[in-house]
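Just passing along the structure, written as structure tokens.
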Amino acid sequence: MLALQEIEKIYFTDEHAVRAVTDITLTVKNGEFVSFIGPSGCGKTTLLSIIAGLLEPTSGTIFMNNHKMEGYSKETGYMLQQDYLFPWLTIRQNVELGLVITGLHTPETSSRTMQLLEQLGLGDKADVFPAELSGGMRQRAALVRMLAPEPSLLLLDEPFSALDYQTKLKLEDLVSITLKNQHKTAVLVTHDLSEAIAMSDRIFLFESNPGTIHHTFDVPEMLRSLSPFETRNHPSFHSYFQKIWEELENVESQYQDST
Amino acid sequence: MLALQEIEKIYFTDEHAVRAVTDITLTVKNGEFVSFIGPSGCGKTTLLSIIAGLLEPTSGTIFMNNHKMEGYSKETGYMLQQDYLFPWLTIRQNVELGLVITGLHTPETSSRTMQLLEQLGLGDKADVFPAELSGGMRQRAALVRMLAPEPSLLLLDEPFSALDYQTKLKLEDLVSITLKNQHKTAVLVTHDLSEAIAMSDRIFLFESNPGTIHHTFDVPEMLRSLSPFETRNHPSFHSYFQKIWEELENVESQYQDST
Amino acid sequence: GCSSQQDKTTVELAEVTRSIFYAPLYAAMEKGFFEEENIDIELTTTWGGDKTMTALLSEGADIALVGAETSIYVNSQDPAEPIINFAMLTRTDGTFLMAREEPDNFQWEDLNDSVFLGQRKGGMPQMTGEYVLKHNDIDPHEDLELIQNVDFANIANSFASGTGDYVQLFEPQATKFEQEGIAHIAASFGEESGPIPYTVFMAEQSFFENDEETALRFTRALYRAQQWIYEASPEEIGTVLAPYFDDTPESTIADAAVRYRSQRSYAETPLLPEEAWNNLQNIMEEAGELPERSDYDKYVDTTIAETVTEK
Amino acid sequence: MLNHSIKTQHRLYLQQKTKEKRRVLWTQSMLAVTFFILWEAASRLAWIDPLIFSMPSQIGLLFLEKVSDGSLLVHTSITLAETAAGFLLGSAGGALAAFLLWWSAFFSKVFDPYLVILNAMPKVALGPIIIVIFGPGILSIIAMATLLSIVITTIVVYHAFQQVDDNYKKVLLTFGATKKQLFHYAVLPACYPTIISTMKVNVGLAWVGVIVGEFLVAKQGLGYMIIYGFQVFQFRQVMLSLIVIAVLAAVMYKSIEALERFLISRRGR
Amino acid sequence: MLNHSIKTQHRLYLQQKTKEKRRVLWTQSMLAVTFFILWEAASRLAWIDPLIFSMPSQIGLLFLEKVSDGSLLVHTSITLAETAAGFLLGSAGGALAAFLLWWSAFFSKVFDPYLVILNAMPKVALGPIIIVIFGPGILSIIAMATLLSIVITTIVVYHAFQQVDDNYKKVLLTFGATKKQLFHYAVLPACYPTIISTMKVNVGLAWVGVIVGEFLVAKQGLGYMIIYGFQVFQFRQVMLSLIVIAVLAAVMYKSIEALERFLISRRGR
């Protein structure tokens, strides 16, 4: 179980002090899939970085299974908006990078990673360079890289936003199934409300200036059990979308007048 | 009225001759909004470039209002996937670029362009540089730039694909309304099937190797009259989406096995 | 180095440039005179007086062959060890006055109102040049247009490409210009300037304290070469020097060397006479480059040369 | 309350930064001071040869002397003028050549191997030929400075022209732009950053060119001061010139960097 | 039928390209030939001074002569060895210095102004100081070549280290990477292209350094041939050396470019 308590983060620059996020308290149950949505600049990436231990919060504490988390933890995996596969490494080297860095690289973990690569349909691409792969394939490889050291908490920062629509729909399904199977806890940051609804059990809507949780939505049980693609096509999807969309419009128009 | 007749384009490289598109025959009525969708590499951009006169077809002819088109024509406007606003020019200079290049820059056309800029909510941004604008604003400025020399045929090559979901929805509405008001003919290339349905009157589904028209769908009258956002929320939208999606899946799986 | 009679001593010698003006040195090397004195010469060309002196000061060379004026410059700045001149190689200036138009009967007055491409300011050739002009009643800064901003290596081609009516050049360029008809030797600055210690072997004081013996043997070998150069036939000189001057025809080498020999530019003995020393300082003083009068007894070692020539 | 505490924290942060900056500045000054003291001491104690390395105090004295008699100003301004001329000619000429190469693909293909050879050629060795062509005067010095920078400018700027995102050109082509308009509205402005950063390199090259040129042929200038210093074995004069050159070149470099920052900020990115 | 016609068209296209290439090659050769013929003629007809500019035929003869007596090979191999040494030392030393600067932000801040000054310093004027430190021998020549390239390498490579996309580092940090691992797995490999393209510049600088170094002090080498050629007014020897240098430098440059292409293609992008 992941618990954030009164997390606050202030960025300092020469001119300003920006309160990026403040007063964030939330819990995520083991195996739960939650999403963060909200206007640009409301601190979603900041919060994810804090959970991942990449950034120190100005105040507040994070507990993971009742242990206080400080700095890097083996329990977390992080996936960025773009794949950031290292272009000078083959796919195999890329996905094993986490193992090498954490010192977990053994024939056993390596073969397990290859298996995962195969499961995600990249078995035949192990020895090619990232440049030869399509965007969707690259994001799948990045997923394998993240999963290789077997983190239990996955932090996904808009992993699908750079993909085209069809690819995105397919990858949503794949990620959802893979994570459900491995019983991972996941936090997804997204700009795409329908994606959030399709994939998650719970949605945290953020507002900005400073970034706080504006509202939490529980996705109806009925939609949760479906795959993302099925969810999108479910008759009740649109009414639910409409509902949150209005809330989102409110939040956005409060602070911004730009599209 | 735009008419393509047996358009074929072959690309030559040292190793291969690639038949990018072949045997494309279609007509678009004045004021009609059509979309091209299809797998990556099926020649959508190629075809758009040919219509815009940026590329010479290997064979075939294009008629615009019964005149044969060759090379650049004042009748066409083109919008790219990214805004490609010139970062070293202010928004005003950017949107007036087309006027300057075509020699149409007069106080009158200039003030008309400013009016358009205002209509699209960028009136106060005329004298800032593109870097200060959000993605959506930039794409709106690019739209104004395209519209400034008053083309009657608009070619839109995935203009929304780099935007986040909410922005995209809003911009779709804005573009749709603006073009309807000005009674423009438009060809939209997109990867996003729901976008194609939401915006257009007719959808051309392409297949690749070589790129040809696989099927043409007429969007039901009922959906056509709605704004894109309303279309997406219309009860009949999803069944229609489902129908084309399957067709699209067919086309894609025929040639590709990647997401 | 080691000074036992049997062992070979290696002497690191830095020469300021490679020139036929230094013929006796190459002759001593080529004819084996150094070898017979059990000296192994390691010759490096350190292009320019500054680099040669630097090599000497920084122990990069045991002996330097360079103009004596350099030692005066250095000794005037209180070096840790004084630089001692111990063997003279050339005793006159080595440059020639060359005219673009063949002079029927050259008079120094001909230079009036001409354009004179001289050597670069601060160097010995320039100082002697001006000295000679003055002593022929020509004010180098009034009576003619004096160009003295061109780098040593580039004077010849500047003249060849049209700059100046007269030029001051070393051998073998002088001979070459005559051969090619570019210019004609009008006068010799060497003959006009009188004896001066133009190029001298010098070393730091400690060299003589530690290696007196080596210096002696070095000078002895040199003396033999100095004698040889005045006895040898032009052909012989050409052949002996050829290995040091790739790509220069032996005849050109011989012509140039003989020209120097005939005006007694090559010192006949290593001894640096006081008169020449003073003459040098006079020339420097007139050029405004003499930092201070330098003591002959202090900076010139005559004992070695005397020992060698006595035998 | 909260806002108050944020302000306090911000002040603390700024104090921290200022302290850090001061520490950097202090270390820099200490380094410089230590260097000069060490130099002075080493020279005085004859660990290094004072004849060759001179010593800061003497260089300082010479500096004052040459400033007060005005000669340093004369030498410096001559060298500066030559450098500026060489720099401008090299930059402008290189940019023009790059334009010609861009204009004609055939031309550029033909000249490609020659550019490589010209670029690879150590141009400092071409002194004599330059003197023959331009005569033994200031023209040769400027030519040397120009020569040193023009080829690399051509190559870098042409490369930049080629690298301009085709889509900018596409935008213009959709308006029926001519090749000249493409260049004027897209290619050239897109390359201003590259051109300016090439200029930073060119300043350095122009300095080297002028110094080398003054070595070959000069009556005045900082390079002449060096050569003359060598000639009469006055190394403190050499050191003084070197220091003046380094400082001036650094100032010129920094000015262009400032210009670069200014231009880029004006463009809004 | 259709496929047949595509093949024909492709063949036509390829023929067109080959023709174009041939035209380029032909123009290039014609340019070279014309240049040499003009040179020869101008020299023979004394439009230009044959003593200074020599003429291709004579240079060719000298080349054959020096090849057959083996001396050109000796000079060339000495210069090549010196260049290679200076080049390697400059590149490696610069990369190492860049690493140190990257490692310590404080260090890099402190050294920033000094780097600018060192970079601006015309290093060709430091000859005597180099001779003092390294002695009048081959070491000084190598030092000059190293000195000329090391500072700019440091600056460019350090700049590249800084420019590495933070997200690559972020990826590693999510696995708990240490600073050393960041460098080894992300920063260094990401900068290989920059390092290699710096090396292209360095080859040129190393050549200049070696030539200038051989002007200072040398018994052998192509630079020696040049300065000796001046001394004895043998300009065809100067020209020959210049041509050999230009060709070798171009070959070295091209080799590194090929290496660059190979490495980049191996990386798959």
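The letters A, B, C, D and E name the chains in turn, as written, and every chain counts its residues from 1.
In this section, contacts are C-beta pairs under 8 Å (C-beta built on N, C-alpha and C of every residue); 3 or more make two chains touch, one makes a residue touch a chain.
Per UniProt, the chains are A, B = NitT/TauT family transport system ATP-binding protein; D, E = NitT/TauT family transport system permease protein.
In this text the structure is predicted, and so the values were computed from the model without any measurement.
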Quiz item: Which chains are shared contacts of chain A and chain B?
Solution: D, E
Quiz item: What's the fewest number of moves from chain A to chain C, given that each move must go to a chain touching the current one?
Solution: 2
Practice problem: Tell me, please, which chain's centre (mean of its C-alpha atoms) is farthest from the centre of chain B? | Solution: C
Quiz item: Which chain pair has the highest count of C-beta pairs that touch?
Solution: D-E
Quiz item: Approximately how many whole Å separate the CA-defined centres of chain B and chain C?
Solution: 84
Quiz item: In whole angstrom, what separates the CA-based centres of chain B and chain E?
Solution: 48
Quiz prompt | Approximate Å spacing (C-alpha centroids) for the pair chain C, chain E | solution = 38
Exercise. Any chance you could list the residues of chain C touching two or more other chains?
Key: 48, 50, 54, 57-58, 153-154, 157, 160-161
Quiz item: Where in chain E do residues touch two or more other chains at once?
Solution: 49, 52, 128, 132, 230, 235
Quiz item: Pairs of chains that touch, anyone?
Solution: A-B, A-D, A-E, B-D, B-E, C-D, C-E, D-E
Exercise. Would you mind writing out the residues of chain A in touch with chain E in their complex?
Key: 52, 54, 72, 74, 76-78, 80, 82, 84, 86-89, 97-98, 100-102, 128-132, 145-146, 149
Practice problem: Would you pull the chain E residues touching chain A in the complex into a rising list? | Solution: 165, 167-168, 170-177, 181, 185-186, 189-190, 192, 267-269
Quiz prompt | Touching residues on chain D, where the partner in the complex is chain E | solution = 23-24, 27-28, 31, 48-49, 52-53, 106, 109-110, 113-114, 116-126, 128-129, 132, 203-204, 207-208, 211-212, 215, 223, 226, 230, 235, 238, 241-242, 245-250, 252-254
Quiz item: Which residues of chain D touch chain A in their complex?
Solution: 6-7, 9-10, 13-14, 17
Quiz item: Any idea which chain C residues touch chain E in the complex?
Solution: 14, 17-19, 43-48, 50-51, 54-55, 57-61, 153-154, 156-157, 160-161, 172-173, 176, 180, 182, 245-248
